[in-house]
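In order of appearance the chains are A, B, C and D, and numbering begins at 1 in each one.
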Amino acid sequence: MKIEQIQRASQRLRDNKAFELFVVTIIILSALLIGAKTYKIPESLMTLILWLDVAITLIFLFEIVIRFIAEPNKKRFFHSGWNVFDTLVVVISLIPVDDTEMALIGRLVRIFRVLRMVSIIPELRTLLNSLLRALPQLGYVLLLMFIIFYIYAAVGATFFAHINPTLWGDISISMLTLFRVMTFEDWTDVMYETMAVYPLSWIFYLTFIFLTAFAFLNMVIGIVVNVLEDEHARERAEQDEVDGKATIEDLQSEIRELKALIQAQQR
Amino acid sequence: MKIEQIQRASQRLRDNKAFELFVVTIIILSALLIGAKTYKIPESLMTLILWLDVAITLIFLFEIVIRFIAEPNKKRFFHSGWNVFDTLVVVISLIPVDDTEMALIGRLVRIFRVLRMVSIIPELRTLLNSLLRALPQLGYVLLLMFIIFYIYAAVGATFFAHINPTLWGDISISMLTLFRVMTFEDWTDVMYETMAVYPLSWIFYLTFIFLTAFAFLNMVIGIVVNVLEDEHARERAEQDEVDGKATIEDLQSEIRELKALIQAQQR
Amino acid sequence: MKIEQIQRASQRLRDNKAFELFVVTIIILSALLIGAKTYKIPESLMTLILWLDVAITLIFLFEIVIRFIAEPNKKRFFHSGWNVFDTLVVVISLIPVDDTEMALIGRLVRIFRVLRMVSIIPELRTLLNSLLRALPQLGYVLLLMFIIFYIYAAVGATFFAHINPTLWGDISISMLTLFRVMTFEDWTDVMYETMAVYPLSWIFYLTFIFLTAFAFLNMVIGIVVNVLEDEHARERAEQDEVDGKATIEDLQSEIRELKALIQAQQR
Amino acid sequence: MKIEQIQRASQRLRDNKAFELFVVTIIILSALLIGAKTYKIPESLMTLILWLDVAITLIFLFEIVIRFIAEPNKKRFFHSGWNVFDTLVVVISLIPVDDTEMALIGRLVRIFRVLRMVSIIPELRTLLNSLLRALPQLGYVLLLMFIIFYIYAAVGATFFAHINPTLWGDISISMLTLFRVMTFEDWTDVMYETMAVYPLSWIFYLTFIFLTAFAFLNMVIGIVVNVLEDEHARERAEQDEVDGKATIEDLQSEIRELKALIQAQQR
């Protein structure tokens, strides 16, 4: 009986608009603290920030516990990726940050607390989900692009490694250099360097730029067409419902009834 | 009685095509003066320019007064953002520009007089309004992008500040550096510098570029789909009006009347 | 009588496929000559090239004369912009290129002969025309962009001229610098320079980039929507023709005839 | 009889899912080997890699022979471009790579073995085919762009060659420089250099950027519209099939039958 009362109280608190707003405020405060720590600040303020940090961690812990208690089915709580993320961020924040190794992770986790903004605002969660949902349909284009990168990187590492090992030393460095070429960042410097040895190496760069630009363009067009089609399908489904009142088939059956009537008359 | 006559005269002047053209000419002249002042010009011409500047200010003052008098409801005059903007620009232009502090504002205001071009040409006003109206629907994507920027800037300022304080000194400088990376402007220089200390920091840059490029792409596609949908809805509304002459429902009711007639006949 | 025979012969020659192919070949040859002249070539070849150049000019002259004679209405010949262009290019090519002043124009005109490719291949002419036709609908967006450029250039020339006169010396140089910023070409170097004096000048650059990117995006979307609408309208016009066999209105009138028949029966 | 049995066994092996997976694994292994060879590796590993390379070549040879035997119509085997590509890659891999001249080709062919990934995964093959199919419709836009490039390169090589022969030496180098300008890569450096001699040469660069950007934009829009139209046509074809149950024409003929019935009644 008592447990049920606690659960119901938790649910009331969790669904309270004021409580939600309070949590969002705390997340923004924690983001501001993260930002403040990157500035040079006097020692006294630093102590305040450390205390605020502890307070924020405790509030987050309290909020996650409330959410956990409020959930009727405890197992389902961890089915949501966002809940797992929130719990991890809070738990790791609890570890004291004395150790230099752990300090790094502790600082990273505190920064990732800003991502809780996404987990708490439903519109942002929906947006991120729709972004992620668009990824798999790009699967094969990304695979094709990776193959293009891999082949060009292999050619680059094989033939240009002795010209400039910093750019073409091995296949992974070559892929990074090719990504740089794809973003047009000082790509001519890279090209002029190899053209001094292989005068025809501009073919390597130009075909690479054309291939990746073309694949990228196709990817963008693919997404646009997909999104437009989804919209179109959704729209037509809506329209079908509206039009549901009377179709040409309905008319046909009514005309047939008429015909039957008249034919009955004639007999 | 007299006031009404003045108001009517003002309205006639305001709606006069020749007067409007005259004001546009004066705005263009004021724009040319602004441009001319940036060149090295002889002292004598400078005096002429100063006199022209005073003349333009007085003409603008006269025009705004005419527009104010012509408005029947004086309160509504300041409901239009463009009227407020025009009045402010003219009033601040009246302040003498001797003071060095005020001189800066005086010069800025004179430059902003070019924007009066937008306030006076209806097509430009419509265009700017439609641009501004497109902004709010981007709200959540911009918020998501800001969160991405903030998190990466916090990571950058935390780990790279000791490598190059000019680029990663604090969180605001880091955000500027990240914007630079997003525009692909010498981003490899920034990356190579941190890769010398953290060899894996290319992951930081590549994930950032992918995330922002992906969010940006989604924003663009979102706008395109929105615009196309609006067009589609507008088009369908138009078509519905045209089709309004006869629908399947109309046919159905006519066929039912027929049936009633025949059934009446049979009895 | 004789003149008519010449005209008809000219028409036959002009419309001859082989003659057209011959002219295209000559244009390609003239393009290759232009390219060849940019290489260091031995004196003997140079003489050959000069002779070929004279031959090409004469062939072009012959072709334009044929086309002029073939045209029944001589006035209409110069109504086509391409004909005027072809004639000008040929006539200016005839001027001897001894004078150093004229030599420059002579060389330019010879290069522009490559453009005759566009004037002679109908598909390219259509393509260029459709490109040019898309321009005017961009009119107001381009005007708005120019106003944005002008205002920012005026601000830049007013405040940054003493920092770097090469980049911000006067309003026209400032506009070139801003175009450079818009293409993201070393724009951070320009920004860091002015930020050393005015630390807040990053606002100037970022707002400029956002405004121009936003206006550009809207321009692109505007064109896409326009093109899609045109296609849509064309498609619907086609479909209307197909559907023309029977409309709901046709059915309605037929049902009304039926009703009249039955009602006549009842009387 | 025996040959037929071998052929059927080959077909069974070729269509075996496990065999296909095995070949994909071998292709991935061969790709990894290519990558591994670009790193500095101890002599002992090198020997292993060489043996693996031989093994992979033999497996590929075995697979291609199986596929050839499995094909009932031997002639049709080489009608598929992918089969020809696979055979060439395998055959050239068989040539011993002692000769320094041939070594280069041998290494290139080993890298191209990664492309067999595309030939074996049907989705990638379809994707690449659709990319290639989109190319020809761009034909005239690409020709127009080439003409723009050629004319600007000719002008550049004629007037700027004495300023910087490295960038404008002859027409082919000029075209490479113009491609660099189109990608906005340090284009202002190129421009400032020629502006020092010809102060108005910014017109050359700006018109070039506008022309190519405009042509590129039109190309992209052209592809988008084409893709959308194809989708639209496909969709409508599907819909027509669904609607096939009853059309307005069907109704019309039924109403006419009714009319005939009633008219028969009246007589």
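Some notes on this structure:
One rule holds for everything that comes next: a contact is a pair of C-beta atoms (placed from the backbone, for glycine too) under 8 Å apart; a residue touches a chain by one contact, two chains touch by 3 or more.
Please read these numbers as outputs of a predicted model, since none were measured by experiment.
Centroid distances from chain A, each centroid being the mean of CA atoms, peak for C. The angle of the rotation superposing chain B on chain C, based on CA atoms and rounded to the nearest 5, is 90 degrees.
The pairing of chain A with chain D is characterised as different-residue: of all residue numbers used at this interface, under half are used by both copies.
Chain C and chain D have CA centres that are 29 Å apart.
Our note on geometry: chain A versus chain C, Cα centroid distance of 41 Å, whole angstroms. Listed for chain D are residues 184-186, 224, 228, 248, 251, 255, 258, 262, 265, each touching two or more other chains. Remark: the chains found to touch one another pair up as A-B, A-D, B-C, C-D.
Put simply, chain B touches chain A in their complex at residues 140-141, 143-144, 147, 150-151, 154-155, 157-158, 161, 169-171, 174, 184-188, 202, 206, 209, 214-215, 217-218, 221, 224-225, 228-229, 232, 248-249, 251-252, 255-256, 258-259, 262-263, 265-266. Listed in rising order, the residues of chain A touching chain B in the complex are 31, 34-35, 37-39, 107-108, 111-112, 114-115, 117-118, 123-124, 127-128, 130-131, 134, 176, 179-180, 183-186, 220, 223-224, 227-228, 231, 235, 245-248, 250-251, 254-255, 257-258, 261-262, 264-265.
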